[in-house]
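Which chain is which? They are A, B and C, in the order written, and residues in each are numbered from 1.
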Amino acid sequence: MTLFDYPFMINALRAGTIVAVMSGAMGWFMVLRRQTFAGHTLSLVGFPGAAGAILIGLSPAFGYFGFCIAAGVVIAMASPPVGSALYSEESAVIGSVQAFALACGFLFVNLYHGNLNGLTNLLFGSFLGITNGQVLSLLAVAAPSLVALGLIARPLLFASVDPEVATAAGVPVRLLAVVFLLLLGVAAAEASQITGSLLVFALLVLPPATAQVITGRPVLGMGLSVGLGVSVTWAGLVMAYYTPYPTGAFITTLSFGAYVAARGVRVLNERARSHTAGVAEGALT
Amino acid sequence: MTGTLAVLGWVPPVFGHPFMRNAFLAGTGIAACCGAVGYFVVLRAQVFTGDALSHVAFTGALAALAAGADLRLGLFGATVAVAVGMGMLGRSGRADDVVIGSVFAWMLGLGVLFLSIYTSNSSGANGTAGVSVLFGSILGLSAGAARAAALIGAMVFAGVILIARPLLFASLDEAVAAARGVPIRALGIGFLALVGLTAAETTQAVGALLLLGLLAAPAAAAHQLTTHPFRGLALATALAIGAMWVGLATSYAVPSVPPSFAIIATAVVMYAGASALHGAARRGFFAGGPNGESLAIPEGIHG
Amino acid sequence: MKPARLVPDATAPTPGDVIQARGASVRFGERTLWSEVDLDIGRGAFTAILGPNGAGKSTLLKVLLGLQPLAAGSVNVLGAPAGAARRRIGYVPQRGGFDRTLRIRGLDVVRLGLDGSRWGVPVSAARASRTREAVAEVVDLVGASHYASRPIGELSGGEQQRLVVAQALVRRPELLLLDEPLDSLDLANQAAVAALVQRICRERGVTVVMVAHDVNPILPFLDQVVYVAKGKAVVGAPNDVITTQTLSVLYDARVEVLRASDGRLVVVGTPEAPALHADRHAG
């Protein structure tokens, strides 16, 4: 009896794959746009959503999606312009929002007489008991989101890399920012269901960041990001199956390891290059 | 303590319970240092650092538990060590969001691993240790632990008061302060050590996941309400203590509400209220920042 | 005083078939930035927009792009109201330089100028190869071929500037608008980029309008100057506009235009600091 003979593992792998693809693609843009902190906050907000949904008898997925998407819209509307002097003010707001979201989630879990396990699953992920219905709902949300991302990909890239020229070329930069945060909310909600609200970084940030260390090319980078995400998810699920430890811990460690390795290789490459570059670099352009 | 309160002629029933007395004692000390340290954390835009330290607190505490030691060893050891380390590595925070976020996400993952090791090693009854570290256990403190927490809190608070003036100078006007002989680097590292201690302390009260709320919200509220530094410092401390007391009292009155939730919710409501007041006082976009300067520049003025 | 034209029509009257402005004025709230601006820019001309900080030079470019509405008057660009002919205009805005950690390659940044605003994903293989060729050609034109495949964040100021010029040119525009492109470059790069723009103007017949803080790097190439100051604009040939007499009238103050021994022009005595190149790098 291998792990593939168990339906719940098959479902876990299916769900993991869908989530990893979604996170790899969305996360690539999020890392490019330097919005990783926003992504983290979005997923934390999902925690009270999920806990609250359970409290009132709904499936946690409703809570995840509802709260994450709403938070995405709020952040998009309330964001001050990039690079404004409001930085320190803003992080106090984000810190408070994060703490409040987690506190509310804790309240809901307590009201539900939740045990530690339920809490751990919501925060750190679990792959047990993923139903066919859940897999379908993940797919049903991921598919149109990915299509939407594909539609806006080029203008979004333009707006992220070169907002001024993009505006001059007629790209609706601000609208795209809002739409993207909405999609990001969806991605965060999906990822939370596998890695838990606290460890979404593992799928939404680390594989894309690793890909961007390796290459700046959009299509290649996104493909790499998705590939990495799927690999660490599968590896993490298998490891979690054979040990009593939560999925999130493995996925985080694996994707972090890949990130460190990629950066290490690049640092070594740069050192080697600067040794041989020598004279050529000194010339004026 | 009941003896002291008897002077009022009436001891509120809440203080009839030893666990509540302990909670108030520890909570006051913790809130005091949290408010004071938090004031400078917000001023120096080091909230992100505080967030990072909260993850470290979680992992450190659970590492100690998994290794069979007193959790406070890992809690305080890890936070202070990492805080000082970050200080010595130079300007932290702004470097690269992705790098910092990644390291601390990995720490969280590690912490969860330790949690699983701990719960599978010991019997099921100790499963609550994880929750305590994550969300606080102020009502479960023994008298000895409460006294220790209050003492450390008071000491950290005294430490902040001691360095408040040079720290303020260094935070607002680093170049001039350095020229006047203020030891910027040592001060920065020392302050971060205090932040580490505060993070560890506050974990006992509201838990690692929520400590950022008590660190940032009352302080940010104080920044909204006044630009005068020492008034702000006092206000931040008072607000934090207030949030603690209101939270504890609420939790006592409504037992199904966990104290950490009540405390954080109060702190956040205070912040929201302060922001609303501030926004109403200064109508329009061009609101002043913590130092009174104008923050928004209308487009097009620079041709 | 209504100084629409303070100098008589210069040597060759330039027909306004690329840009034509009549009585244009821009207002921000209560404050009028500039008004009564008349402008005629002909095909293939190299025009500089000069003036002190805050005069509204960048705003004039934004008006030409249709990004800033007029409070009064009219502007026609390439035979249509401002903003309608955007696709035929290349724009190089003032940038702070790309973030050092940005990993997107120079080639891809140039390519964005070509298809960045198109929705959906590129599917046609034929189109993909045409795109590649167009990008390679324009990168070669600006002399950036040997570093365009590197991440743009790693490149120097001069290298980045060439690539953004390439980005503006990849669609083969008829009009090229540049906002202080030489601003953050050292002297050697200033000369190089200025010569590049001049080459594009002459060889490709592209009309160039460049906002500049210091006129000297481009002075030898200019056909026309638009000097914006104190809410007004003076238009004409460089030798007619950048003179003590003209600028004194414009500023309504004692202004002197001096010519250094190497031919460079220095404007002294304006109410703001003198427009000397060295000033820019002092802070």
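We adopt the following convention: a contact is a pair of C-beta atoms (placed from the backbone, for glycine too) under 8 Å apart; a residue touches a chain by one contact, two chains touch by 3 or more.
Since we're looking at a predicted model, the values are computed, not measured.
K.L.:
Chain pair with the most contact pairs?
P.N.:
Chain pair with the maximum contact count: A-B.
K.L.:
Based on mean C-alpha positions, I'd like to know which chain lies farthest from subunit B.
P.N.:
Result for max centroid distance from subunit B is chain C.
K.L.:
Which chain is most central here if centres come from C-alpha coordinates alone?
P.N.:
Smallest centre-to-centre distance to the global C-alpha mean: chain A.
K.L.:
Can you check how far apart subunit A and subunit B are, centre to centre, with Cα atoms defining each centre and the answer in Å?
P.N.:
Centre separation, subunit A to subunit B: 27 Å.
K.L.:
Counting in whole Å, what is the centre-to-centre distance of subunit B and subunit C, each centre being its mean C-alpha position?
P.N.:
Centre-to-centre distance between subunit B and subunit C: 52 Å.
K.L.:
Report, in whole Å, the distance between the mean C-alpha point of subunit A and the mean C-alpha point of subunit C.
P.N.:
41
K.L.:
Write out the stretch or stretches of subunit A touching subunit C in their complex.
P.N.:
Where subunit A meets subunit C, its residues are 32, 150-155, 157-158, 161-162, 164-171, 212-213, 215-218, 221, 284-285.
K.L.:
In the complex formed with subunit A, which residues of subunit B make contact?
P.N.:
It comes out as residues 42-45, 47-48, 50-51, 97-98, 101-103, 105-106, 108-110, 112-113, 115-117, 119-120, 127-128, 130-131, 134-135, 209-217, 219-220, 223, 256-258, 260-261, 264-265, 267-268, 271, 289-290, 293, 295-296.
K.L.:
Which residues, counting only subunit A, touch subunit B once they are in their complex?
P.N.:
31, 34, 36-37, 40, 84-89, 91-96, 98-100, 102-104, 106-107, 110-111, 115-116, 119-120, 123-124, 198-199, 201-202, 205-206, 209, 244-246, 248-253, 256, 259
K.L.:
Going by the contact rule at the top, pick out the subunit C residues touching subunit A in the complex.
P.N.:
65, 67, 86, 91-93, 95, 98, 102-105, 108-109, 112-113, 115-122, 151, 156, 158-159, 162, 164, 167-168, 186, 188-189, 192
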